[in-house]
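Shown below is the structure under consideration.
Chain lettering (A, B and C) follows the sequence in which the chains are written, and residue indices restart at 1 in each chain.
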Amino acid sequence: MSKALAFINDKRVRDWFYQAAVLIGLVGLLVYFIRNASENMVKAGIASGFDFLWRTSGIDVPFVLTSYTQSDNILALFWAGVANTLFVTAVSLVLATLLGFAIGIARLSSIWLVSALAGAYVEFVRNIPLLFFVLFWYFGVIAALPSPRDSISVFGVAFINNRGLTIPLPDAPANFHWAFGAILVAFVAQWLFARWAKRRKEATGQDAPLLVVSLILLVLVPVLALSWASLATRWDIPVLRGFNYRGGFVVIPEFVALLAALVTYTAGFIAEIVRGGIQSVPHGQIEASAALGLRPAQTLRLVTIPQALRVMTPPMTNQYLNVLKNSSFGAAIAYPDVVSLFMGSALNNTGQAIEIIAMTLAVYLVIGLAVSAFMNWYNAKIALVTR
Amino acid sequence: MKTIYLAGAILAGSASMALAQQLAPSPTLDAVKARGHIECGVHLGLPGFSFANDKGEWTGLDVDYCKALAAAVLGDATKVKFTPTSVQQRWPILQSGQVDLLSRNSTITFSRNATLGLNFQGINFYEGQTFIVRKKANAKTAADLDGASICVAAGSTEEKNAADWFRERNLKVTITNFQKNDDAITAYDSGRCDAYTAGVGALAGQRAKLKVPDEHVILTQPISNDPQGPVTRWGDERWQLIVRWVLNGTIAAEMLGVTSKNVDEMKANSKNTEVRRLLGAEGGFGAMMGLPDDWMYKVIKQVGNYGESYERTVGMGSALKLERGQNQLWTKGGLLFTPPFQ
Amino acid sequence: MSATATSQSWRERLFGTPVTTVVTLILALIIAWVAIPIIRWALIDATWRGTTREDCAPGGACWVFIRARFGQFMYGLYPQGERWRADLAGILFALGGAALVFAPQRHKLKLALAALVVLPPLGVWLLAGGFGLRPVETREWGGLMLTVFISIYASLIAIPLGILLALGRQSQLRVIRLVSVLFIEFWRGVPIIAVIFLASLLLPLIMPSGIGVDRLARAVIGLGFCIAAYMAEAVRGGLQALPSGQREAATALGLTYWKATWFIILPQALRISLPAITNEFIALVKNTTLVLVVSILDLLGIAQASLADPNWVGMSMEAYVFSGGIYWLICFALSRWSKSLETKRAR
């Protein structure tokens, strides 16, 4: 008897019991829901399974980065949506980070009006739902652009109007492949040279002409390569014919509006993170670097930001993931992202809600995990640098 | 004495059971009766078809059908509640049983019928897809829209129709798909698109949402044929039967000249057997579906026949001013048809 | 004396050095260039009185539209004669909230529990009716009232669930930790737009047939689960900030896990994480706008719906400015409050 009691009172046994109970309860609930769902679906005559992915989609997508066309299957439509989601997320991330840094640093400016304006911007942006930004940029700003007939012309080759930004496309991309190859080689060479220069300096104390080599490799080579490719290629320059410009590549206004909304909104949050990060660096450090004779810009670049980055990385990771998730707001203005194309058009044509929602959620989870993993790696890396 | 009562009770009981056995069970009908109203899924807001004014009162051709169904099933046309649904939500809402039917200008198509677990119960509007364009664009037919960008609601038949139609003719258009009709038309109005595509009837209603309706013109030649009507789930055949024959009844009433004004007189005096069956004066047709025999009488009395409803909501008596066209009775050159009440 | 001091410090701030002066002047020009047309549109050229669109002067804002639609912006299609119920519910919740904030420390827990038990059912009863009140269906709810309703009720799901999840994530028990982490990371990883859509489609499917879940309840549940994951992370911050000695001391005193959590850990952890929780609440208020994807007409939804009225075509700016302003006021007030909590704690 007392043995049994001791057994019941044993912490390990109890812990095991609790965990088993929770697990069984959860699995039971899950099974119950799945059984209900399958019963309900059979009763309602809704098709199930993933066969629908190989049906012809028939949906015309105005902005495709993959090779998708209307006569491809629904799986191809899915990938086209995923590519669009990734594209707008990636561009937004870069621009929002730049704008956020600028505003965050402006907030700490010694010029009162600059910091006050930055502060007002942050307070304004953070307290309004993102959906307003999306609608504002789309229906307010982009729609105010001129019609194709009265387009704003950029050197007669690119055109801005309320149908988007039409840019010329090269007829044959071969030259550009060579150019990008050359640029890549130059970048790798620069990286190797910088590493060699650093090692040599640590070993011998001698300076290498890093600046000159960098300028040649990072600026001159790309400029030369791209101008050669541009001049050597025939361009498909957009021409106004009938309703719109024909030819070239069209960056649709939905993309621009969503991008602008994501950037302006997220920058408000990043600015706060940047400010917090910079303020977390002890003031003594800045005084010390001033005493060492560093100029304020140098202090910012060499002392403050490297340390602030450490504090900033985790909240920045969250913001980056938010941008990914928030890119789904594109559905509100017809940006053809995965939510709009797959959970909108494809779901309507096939009616297979469960499969389609599961696939869409999986996209976000997988990309989110990848971003988290990268940011964790980056975090570990900069943590190491500071020793 | 007691035994006689008992025997009587058993007899009556078995008789009613025998009667009840002839009727297939109808969970939807039972639920409607228990609830006291019909749950009807309608369009978010399409003047002429289903539109709620600022007091929340619904009007329109699709709304009228639901009112007619309520009159037939519950005897009172006001006992219906409307759930506005977007293009995306409409099928799941019906499939999951949140509404008893959809009356939501949705086009009948093969794949919807075959894969979505939906049945279409007849046609209450022959719609044809066309375009609204700016007058100054000078387009006369859809073929003039080469190179245009076109706004459309995502997941609608129009989205695919338009893509197919232009591709078959080797015309290049850009189709931008919005999640809601209203977003698409706002985008068109703001200059994002050269044309907005939807059915002729839908366009006539939505035109009023444009800033300056007179600057736009609806192309007259439709590029497709989009019959629309009430939609139910698979299963519950008796409910499907009721939904189908209430629609047929309103068309038959127009054929037979029964209107909300003369329905009392017709019921009392008409010699026409089909009229008498329709209005429940003979034949016991209502009971065959588990409804009162005067089901269609109540429909006509409270809502009117198809023609009355049409004129009031989308026809000459409305702001839309649509001709009857294909939606005229087949005897008068249209396509509207009903099997006989026999 | 002090007036000259402030004017001097202002001069210092704006025109202290040549660089400052130049930057200030350039920025002031830009501000004027942007702000003057906006002010002209919103105030000077605007029309305030009238009844129809024709009363409005072109070029300025037509606030007549907001006046005509004010009731709808606040209550949606809630029956006119019953709107006092929404007001009353709002007042009750405001009083409850105020009591919670200003009550003396030792009564706080009891008060919180009492409010948690009494207020939510009372609010639902007032709004939905029944038991003596005229029933009002959720499809008639809308506007600001609905925004507030969704925010409060979703957080009623999110906060308790979030606390449990945060505790689960810190738990010694491996399975519970794993389940909590999976739950949190799943909901934090997916877009809320998809979650609301998922809830509205999936909930009816996974329930046994015959059991319906109200449309609005579905949106609230979906949002509640999603925000719970974010709340959990906010609470975790508070839990991690507590020295581990606290729990060890409580255990040494012979308190069970739950007693130690309830009396020692949570009161301290929640106080620390209150600003973070408030920030998540602000995010929730902003995210309520997404219910519009399932045709539930919250403040933004009703603003959009009102644009489709043929009698009031072209009022989008007015509708968005007005509704956006309300969101801003609510969120700004909350964020100020959360900031003041933070500074109070830091002192």
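Please note the rule applied: a residue touches a chain if its C-beta (ideal position, glycine included) is under 8 Å from a C-beta of that chain, and two chains touch if they have at least 3 such contacts.
The structure displayed is predicted, hence computed values, not measured ones.
*Asks:* Identify the chains adjacent to both chain A and chain B in the sense defined at the top.
*Replies:* Both-contact set = C.
*Asks:* Identify the chain pair with more contacting C-beta pairs: B-C or A-C.
*Replies:* A-C
*Asks:* What is the distance in Å between the mean C-alpha positions of chain A and chain B?
*Replies:* The mean C-alpha positions of chain A and chain B differ by 45 Å.
*Asks:* Distance between chain B and chain C based on Cα centroids, please, to the nearest Å.
*Replies:* Spacing between the chain centres: roughly 40 Å.
*Asks:* With chain centres taken as the means of their Cα atoms, state the distance from chain A to chain C in Å.
*Replies:* One centre to the other, that is 26 Å.
*Asks:* Can you list the chain B residues in contact with two or more other chains?
*Replies:* Residues 88, 92, 96-97, 179, 186 of chain B touch two or more partner chains.
*Asks:* Which chain C residues touch at least two other chains?
*Replies:* 197, 201, 205, 209, 293, 316
*Asks:* Which residues belonging to chain A are in contact with no fewer than two other chains?
*Replies:* 40, 43, 139, 331-332, 343, 353
*Asks:* Which stretch or stretches of chain C touch chain A in the complex?
*Replies:* Checking each residue of chain C against chain A gives 13-14, 19-20, 23-24, 27-28, 31, 172-176, 179, 186, 188-194, 197-198, 201-202, 205-209, 282, 286-287, 289-290, 292-293, 300, 316-317, 320, 324, 327-328, 331-332, 335.
*Asks:* Would you tell me which residues of chain B are touching chain A in their complex?
*Replies:* Result: residues 87-88, 91-92, 95-97, 111-112, 115-117, 137, 145-149, 151, 154-156, 159-160, 162-164, 167, 172-179, 183-184, 186-187, 190-192, 194, 233-235 of chain B touch chain A.
*Asks:* Show which residues of chain B lie in contact with chain C when the two form their complex.
*Replies:* Touching chain C from chain B are residues 44-45, 47, 52, 54-56, 81, 83-86, 88-89, 92, 96-98, 179, 182, 186, 208-211.
*Asks:* Quick one: in the complex, what on chain A touches chain B?
*Replies:* Contacts found on chain A: 40, 43-47, 52, 58-62, 70, 138-139, 142-143, 147, 162-163, 241-244, 246, 250, 252-254, 331-334, 336, 340-341, 343-345, 347-351, 353.
*Asks:* Contact residues on chain C for chain B in the complex?
*Replies:* Per the touch definition, chain C meets chain B at residues 69, 72, 77, 137, 139-140, 197, 200-201, 204-205, 209, 212, 215, 293-295, 304-305, 307-310, 313-314, 316.
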